[in-house]
Each structure stands twice: as structure tokens, then as C-alpha cells.
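Dropping a structure here in C-alpha cells format, bear with me for questions.
Order of writing sets the labels: A, B, C and D. Residues in every chain begin at 1.
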Amino acid sequence: MAEIARDYTVDELMVVTLARQFRSEDIVLNGTVSFIPVAAIMLARATHAPGLTWVAGAVGVDAYPEPLSGNTLDPTMWRRCVMYLPQEHMWSYVHRGVLETFCIRGAQIDKYGNVNNTVIGEYARPRVRLPGSAGMGDMGSLDKRIFIWTTTHTPRTFVERVDFRSCAGYLDGGDARERLGLKNGPQLVITNLCVMDFEPESKHMRLKSLHPGVTLEEVQAQTGFRLLIPKEIPPTEPPTVEEIRLLREVIDPRGMRKLEFRSTPARA
Amino acid sequence: MAEIARDYTVDELMVVTLARQFRSEDIVLNGTVSFIPVAAIMLARATHAPGLTWVAGAVGVDAYPEPLSGNTLDPTMWRRCVMYLPQEHMWSYVHRGVLETFCIRGAQIDKYGNVNNTVIGEYARPRVRLPGSAGMGDMGSLDKRIFIWTTTHTPRTFVERVDFRSCAGYLDGGDARERLGLKNGPQLVITNLCVMDFEPESKHMRLKSLHPGVTLEEVQAQTGFRLLIPKEIPPTEPPTVEEIRLLREVIDPRGMRKLEFRSTPARA
Amino acid sequence: MAAKTADKVMTLTEAATLVRDGDTVALQGMGTQMSPLAFVRELIRAGKRDLTIVMIVGGIGLDWLIAAGCVRRVIAIIVNLDEFGMAHAFRRAVEAGEVVMEEYSEHQLLSRLLAGAYGLPFLVTRSGLGTDLLALHPETTRIIACPFTGQEVVACRALVPDVAILHAHRADRYGNVQFFPKPIWLDADVFPRAAKRVIVTVEEIVENEEIRRTPIHTGIPYFKVDAVVEVPYGAHPCSLYPFYAFDRALFQEYATASRTVEGTRAFLDRYVYGPTTHAEYLQRVGGAEMLLRIRKWE
Amino acid sequence: MAAKTADKVMTLTEAATLVRDGDTVALQGMGTQMSPLAFVRELIRAGKRDLTIVMIVGGIGLDWLIAAGCVRRVIAIIVNLDEFGMAHAFRRAVEAGEVVMEEYSEHQLLSRLLAGAYGLPFLVTRSGLGTDLLALHPETTRIIACPFTGQEVVACRALVPDVAILHAHRADRYGNVQFFPKPIWLDADVFPRAAKRVIVTVEEIVENEEIRRTPIHTGIPYFKVDAVVEVPYGAHPCSLYPFYAFDRALFQEYATASRTVEGTRAFLDRYVYGPTTHAEYLQRVGGAEMLLRIRKWE
């Protein structure tokens, strides 16, 4: 068994938890301002999922960029790729289901995994105009296995009902998504406090594991709707020493992943 | 005034007549097995229409190939072009009307300029299976100014009604084409005997000029429907000495244009 | 979809087993250009039956397949031998009712394939309005009205071939396929995205490192490719620009021979069934003299 | 469409006259990459009004235009400063009701532009099903049923911008525009085909002969281009891969300054209204030191 790390931070736990969701047969595309997903993809590929295909910066097929620096769509991300994927190819593969995995973040997330990154308040005259739906407006409707991450697990982020559905999650729950002909959907929500999944029948968000030092009460207090609580709540699986070493020394020595914890309003 | 040629053949007259239809502002695309149109395009560009844009072999924008040799879609046609036009660009320009001019040949042509290159007889069990509609199935419906050429002016080619509409001409005549929302349409028909246009109201084919030595009676006898005959029937404007020189010495010294007079069944 | 380090290099014979009787096979080719003809000859020797062949422009390879009795249906916009005239085996088979020709305008067929590539049920075009093509297959092309303007357009139903077969300049053993220049004709671009399985024959197999040095030339990524076969001159008698030109002599020989059923049969016996290796084929079609001749473009 | 030998080289000021008040302007740009920002600064100085700006990904140039009062409507999928956070002028203007944001999913917007490029009334996608985006603009996106299968898809109405503005690597004086590598982001590919007029700023104007030696790099043909302006570093502070990287320092400065209306105004005064030449702009944003810095990618 791999040695368990003792010294790690919440950003590292989030990256490792997300990395472990990726499988060797997956083809994963990353979006804009996605340091945590990109670090997770690189980590998965360096550990349990060597066969994973990463379309880096939505362009560079199987690229091997330098350690994380700036922008997650930058041309520097395409380094040593086998192909610059033309965007019309990318869209056909995304539509057709060849690229099946995508990670999403947003300003509001509701109990059925719908995500809002468009407005707080009314669309026409919003209280807060957010950046916009961008790729999530596509990916939620295109049968993706969606992993949601957020670094702000608060009642402002986790709301009973999103003000605007930028990304189609399980819609009104139950078989609503299926009835609309949409396959897959949100798989997991990884936050700074815990990991959540969706109860298979109701598609209602459900606590899955708690990060070290976080209590059930705290999570419930920071969530704007009633979470489903399973009988057993294990701690989130800790990283291994090797995962933390790779992350700190090889993949993200500059700590770009920590940028996502800045107190700026949410971005796409 | 340019000196008129005395020594020329019917293939040369056809090329020159077609060349004179092209204007300096036109953007022209050539199709497969199109020696006469390609020679005409090259001749127009070398004489009165220097600004003409030729997308050679449907790919090479403003290409300058060597004298005509084989195949009119061959990569050799793309020589010294400014761009290899991606086919999805080509199709968008064709749809949008940026490329507005196209030349078409077919096994049957009817009095409203509809063209058949699909079957003689019934589609499902044809008496003669022809090559197929190819680009004419598109261009007839996409608002092109169409020039029809044929080297076999016979009642088999010029029929009252085509067995199959591979290319939309003026359909049933009158405003039928317009009512379907299709703009432009066949402009001229250039054959081994004469030149014909379409009467503006009825869109019925009409004699325009006779090639040297050809009589009105002969044309009518070789046409399977009653042609409209104008009061005055001028002779087809003869080539100039310079046009014939360019054609024979520079553009098509191997006489590829004469290939189109072989007695094989019509091709696209 | 095999993993990225799976070795997909096969022989022609092995790759041909990925094509099953009754399959819908998208076959690259543009008149005298870029067609996987070594693979086509292998399909004939393997005795495939009841194939539906999808080509934008059907050419010599399709005519061979028809003459050999492999084909039940053709989906294309035209079938001929370009400047060499009619595709006689095709003509005879359709006239005899042995092969069905499903004819479209070019942009209708491209729209069907693109819809397939996108997993969309259909896409629209204006191509073919006013022609008799529309009446041929209401189950795949149908006039609909724009929901905004009422303008009529042609809805083209998605087409998803079982297999796409292409010939390209080079690939690595994992199936990263490169073109020089990048695909200009849309079949090489759309077929691999639309089809369920993809077989690529190439002039040369190169190292993965070489691909990573020149990603700008890659047209198909490994995750869409199932088999890679190294066949130098694999497009012969078609051309592979800029490597070699088409073989005028062999085209002319086939155009003449194929005017009769017997002539066609003799041609296939000599050039398709006869040779036991690709080298033997190249020797029979002219050997070194021919190989030197087609390196000159004129 | 001007003739192929028309000299289309202009100054920024001359080219800006091709953009009229009230125009729908398609503006290239992908986060921190490839945006014609020298031209955007010229549009601001020229005092354009009531523009509708179309960008796939709205960025710093759009925020400047909004701050300067040039914009009435935005058509985009997202507007931000990428890793530098919110586009505050955009946010403030939309919250105040001064600018309308017409938001789409990416493939909806691409489908609208492609329909425009094809002169088709609409194209279809599955993108956005189940979202609230569809309810925003039934006049441009609407659910329709496939005539063959009944499956629901989103019809996206054609969008034809009045002008497209791009920055590219080089062009000749006739408007043959080259990219190294060829357009990877679709805006550079689709905008020029969809728009009525096309303005391109380039790092360098080269001879027509050089274009003919390297046609594989040409992305836009002369017959679609109305103006060519030579502006080295014309994308600054955005990057032009592989020539120069984006200018982190200036992005950060704007991200900070734009948190307040006053800060935004001061930024525009200093960097947009202040410099009377492009050289003076480059000097103000860091001069030689900056130009050396952004040639390093990291």
C-alpha cells in the first residue's frame, strides 16, 4: 500500500480527490481558469491513469506542458502534443460523446447539480452579473460525466434553486434529465469542506465524505439546502505521499491551484 | 480593334465564347472533367478579366498552373495559389453567394435549362445509369450564375423534359425558380453548334448566335424541343488572333479541350 | 477506443477483418486522388459481401468492388473514372438492378456525414432544392421550414458509417495520422469523425516523437483510429500528393478493359486476385519504371 | 469585394472608418490570446457608439470598449479577464442596464455564426438543452423536432456581423492573411466568413510572392478582406502565439484599476486616449523591457 501523506492542504486534497475520478480510458478536456482540474488531470496521468487522454487547453491532444504557470487555455499548454485539435473536431467529438468528461465550477450550485455562472437576481437587470455560462452551457446538455468543484462551500454557493441554469445538471431531479434525452450528468461535487454525490433515484445531492477537521454540522450549515446524509460518512480518502510530492514538485510547484482560493467573485 | 482570327476550330470558339462571359469581379470555381471551362477561365484571366478569381480545382485560390494537362481537379492545378481553400470554407462561400459562377455539362438539357446527369429512364432501374449529379446538384440550388456547355448538340442531349433533374435550372419555367427562393440560374448554353440564352419572362431557351457554317434549320433539327428564335440571329462572335494564340500556345498546347469531343457517354 | 499506447499496426489482411459483411464502409477518394486502393484490393480478396460503400466521389476502387460482387449499395454524389470516363461495372450493376445507387448532392451528403460526426439527428442545407434528388429518399432528406423565417431548407439525416478507410502520408503505431498538406478534401476530415471504426493505411510509420515534433500535420488522433497499416504506394493507381501522381496508364487500361464484363474480370484476375503481395502488385502494374514515372507530376 | 490587385493597406484610423456607429462587430479574442487590441483602442479614440460586439469569449478589449461607452449590446458566451477575474466595466454596465448581454452557449453561438457564413437561415445543435439560456431569446434559439426521429434539437438563427476584426501574423497588401499555426480558435475561422466586411491587423505585411510560397498558412483569402493594417504587437496585452506572450503585468494593472469607475477611466486615459501613436502606447506599457519580457513564454 502507498504511504499516506500527513502534511497536505485542502487545495491538495481537492486535486487528489478529483484526480482519482479520472480513468485511464477517459478523454478529458479542460476549460478556462481551471487550475484544480488541470492539476488533477496531470496527476491522474502521472499515477493511476497513464492512458488518460488530455486535450490540453481544449486544443493539444495528449500534451505534456511544463509545470502549471498561467492560463489553462494558453498555447503553452499544447506543448509536445500529438495534434492541435481543430475546434470543429473538438465540437464533433464533444457532441458525439467521444470526449465524455468535463469539470465545472460556478457561482451557484443547487441540490440537483444545476450550476449558475450567469447572474444573481433577474437576468435582464441582475444584482450581480457573473461572467457567463461559457462551456458549461454546452457540456451540461451534451451527455458529459461532470465533476463540479468549488473552493467556496457556503450557503451563497450551495442554494436551493439556482437563479439561472447556466449548466444543465439533473434539472428538477428524478428522471427529469433523462426525459429530456440527456445522458450522464453531474457525478461528484468536490469542495473545500467535503465530497458529495447524487442519490441515484432522486438525483438529490448527498454527502459522501468529509475533509479532515470538518464536521457534518458545519457542512450542513454552509449548505443552503438540506443535504442527504448517508448512514456512514467516511473521511475523504487522504492523498499519498507520492501524490503530494508530484503535485508540489512536478505538476504545480508555483501553487497555481491556490489561486482558486482568492476572494474574487467566481469565474467560469 | 483586335484582329479577328480566321483559322479556328469549334472547340476554340466554345472556349473563347465562354471566356468572354467571365467578368473581372467574378469568383469562379471549376469542377471535374472541365477542360473547356478551365481553358476559358485561364483565357479570360489572360485577356479581358485580369481581376477574375479562379479557385482552381475547387481548392487553389488564384492559382497559376502550368498549361492544361490531366485532370481538372488535380493538385497540379493548385500551383502558385495564395491559399488552399478548405472545403468547408468553399461550401460556405458557395452557399453564401461569394462564389457565384459555375459551369455545368450534362447528358440531357431541357428547354428551361434543367440538366440531367443521373439516369436515362427510370431512376430505380435506368436504361442508362449516368455518373451522377455531383456538384450540379448543389450549384443549381445555390443561386449560381450557371453556364451550360455541351459538345453534343443533338436531340438526345436537348430534350423537351429531362428524365431526371440533377441540376435545378428554371424548373417549369416562368417564375418557378424564383418562387422556390432560388436566385440567378442558367445564363447561357454554349454548344458545338450555337449559343443560346433564356427568354427573360418564360425562361424558355432561345437561340442567340450561330457558329460559322451552322444553319438555323440544323440547330432546330438537332434540338429536341422548339427553340425560341429571335428576329436577328447574328453569327457567334469570332475569336481574336491573340485569343487563339494564347489558347494554343500558352493555355492548352496539348489540346486537352478536344478530349471533350470524344464519343464517350457524357460525364459530370 | 483503444488506449493511447496500444500498438495498432496490422497487416492488410488483419485490418480487413475489421470490415464485416453488410457493413457501411466510408471509402476515401477524390477522382484520381487519395484512395486506399491497396486496402480495397484486400477487401476483394477477402470476399466481403453486401457492403454499402459511401464515397463523396466514387471512383476506380468502388468500380472494382462492384465488379467483384462485394457491394449492394452505393451512397455518393457521382461515380466515374474522372477524365477516363464511365465506371462501367457500376453502370452495369445499377442498370441490372444488382446495386442500388443512393444519390445526393455533395453538400447534402456532407451534411449527412457531419450530422453523424456530431451525433446530431440532422443538419440542414439549401443544396438540392428544386432537383429530383429530394424525391429519391424522403427517409434521409426532407424539406423543412426555418422556425424563424419560414425559409425552406433541406434537412439531411445523420449518416454513421460502420468503418472509415483512408490512405494518408504517415502515422505512428498508435494511430496519430498525418497528412501533407492537411486534409483538403472533406472525406479525410469527416469520415474518421463520423464512422464507428477507422482503418488507415499509410506510406510510412514513424516514431511517436516525430509526430510530437510536427503536430500541425496531424489530421486524426489516435483515439479515433483502430488500425494502421504501412503500405507504400497504397493509393496506387490514384495519386498521393505530393508524393506520387496517379498512374494514367493503369487508369486507361482499366477504362478500356472494363467496357466488357470479361475484360473487367481479366483485369481483376491479373491485378487484384493474382498478386500475393503488394510488391508483386507493384511489379505487375509496371514495377520500377512505373514507380519512377508517377513521381513526376505533369 | 475589391479586386485582387487592390491595395488594401490602411492606417488604423482609416480602417476604423469602416466601422459605423450601430454596427454589429465580431471581435476576435480568446481570453488572453489573439485579439486586435490596437484596433480596439483606435475604435475608442474614434468615439464609436452603439456597437453590438460579438465575441466567443469576451475579454479585456470588450471591457475597454464598454468602459468607453462604445457598446450597447454584447453577444458572447462569457465575458471576463480570464485568470485575472471579472470584467468590471462589463459587470457594472449590465447591472446598471446600460449594456445588454445576449448570452449563448458556445456551440449555439458558433452555430449562429456558421449559419451566417453559409447563408443558411439556421443550423442546429444539442447545446443548451435544459438550460435557462433558451428562454432568453426565442427569436434566435428555439427547440425544434428532427423531422426523421422526433429528437429535440436547438435551432440557432443565422448571425451576420457587419464587420469582423482580427489580428493575424501576416498578410500581403491584397489581404491574403496568414496564421502560424492556422486558426485554432474558431473565431478567426468563422468571423471572416460570416461578416459582411473584414478588417485585419497583422504583425507584418509581406510580399504576395511570399504568400504564394506558403499557401498552406493562408486562413483568409483576399476576396473576403477589406482592410489590412500593419501593427506589430497589435494584440498586446494579449498574446500572439508563438510570437509573443500576453502581458501579465498590464492585465493585472487593468484588473485592479477597473474595480472602480475612476480607476478604469484613469487606465483608459493613460493607455488608450493618451498615446498618439502605437509606438507611444508600447512605450507607456513598458517599452523595450516589456517587449523583451513577452517574447518569453512561461
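A few points about this structure:
Rule of thumb we're sticking to: a residue touches a chain if its C-beta (ideal position, glycine included) is under 8 Å from a C-beta of that chain, and two chains touch if they have at least 3 such contacts.
Given the structure is predicted, the values throughout are model-derived calculations rather than measurements.
Here A-D and A-C were compared by C-beta pairs in contact; the pair with more is A-D. Chain centres here are Cα averages; for subunit B and subunit C they lie 29 Å apart. Inter-chain spacing, taken between the CA centroids of subunit A and subunit B, is 58 Å. Centroid to centroid, with C-alpha atoms defining each point, subunit A and subunit C lie 41 Å apart.
For subunit B, the set of residues touching two or more other chains reads 84, 88, 91, 95. Residue positions 118-120, 125-126, 151, 181, 216 of subunit D each touch two or more of the other chains. Taken pair by pair, the chains that touch are A-C, A-D, B-C, B-D, C-D. Within the complex, the subunit B residues that touch subunit D are 24-25, 27, 50-51, 53, 60-62, 78, 80-85, 89, 91-93, 95-98.
Listed in rising order, the residues of subunit C touching subunit A in the complex are 1, 3-5, 114, 117-120, 172, 176, 193, 208, 211-212, 215-216, 218-219, 221-224.
Within the complex formed with subunit A, the subunit D residues making contact are 30-33, 57-58, 76-80, 82-83, 85-87, 90-91, 94-95, 97, 101, 103-108, 110, 125-133, 136, 151-152, 181, 184-186, 189, 239, 241-242, 245-246, 248, 297-298.
The touching residues of subunit B, counted against subunit C in their complex, run 32-33, 59, 66, 69-76, 84, 86-88, 91, 94-95, 117-118, 123-129, 131-135, 137-138, 140-142, 164-168, 171, 177, 180-182, 259, 264-265, 267-268. Every residue of subunit C that touches subunit D in the complex is listed here, in rising order: 119-126, 139-140, 142, 144, 146-149, 151, 153, 155, 157, 181-182, 216.
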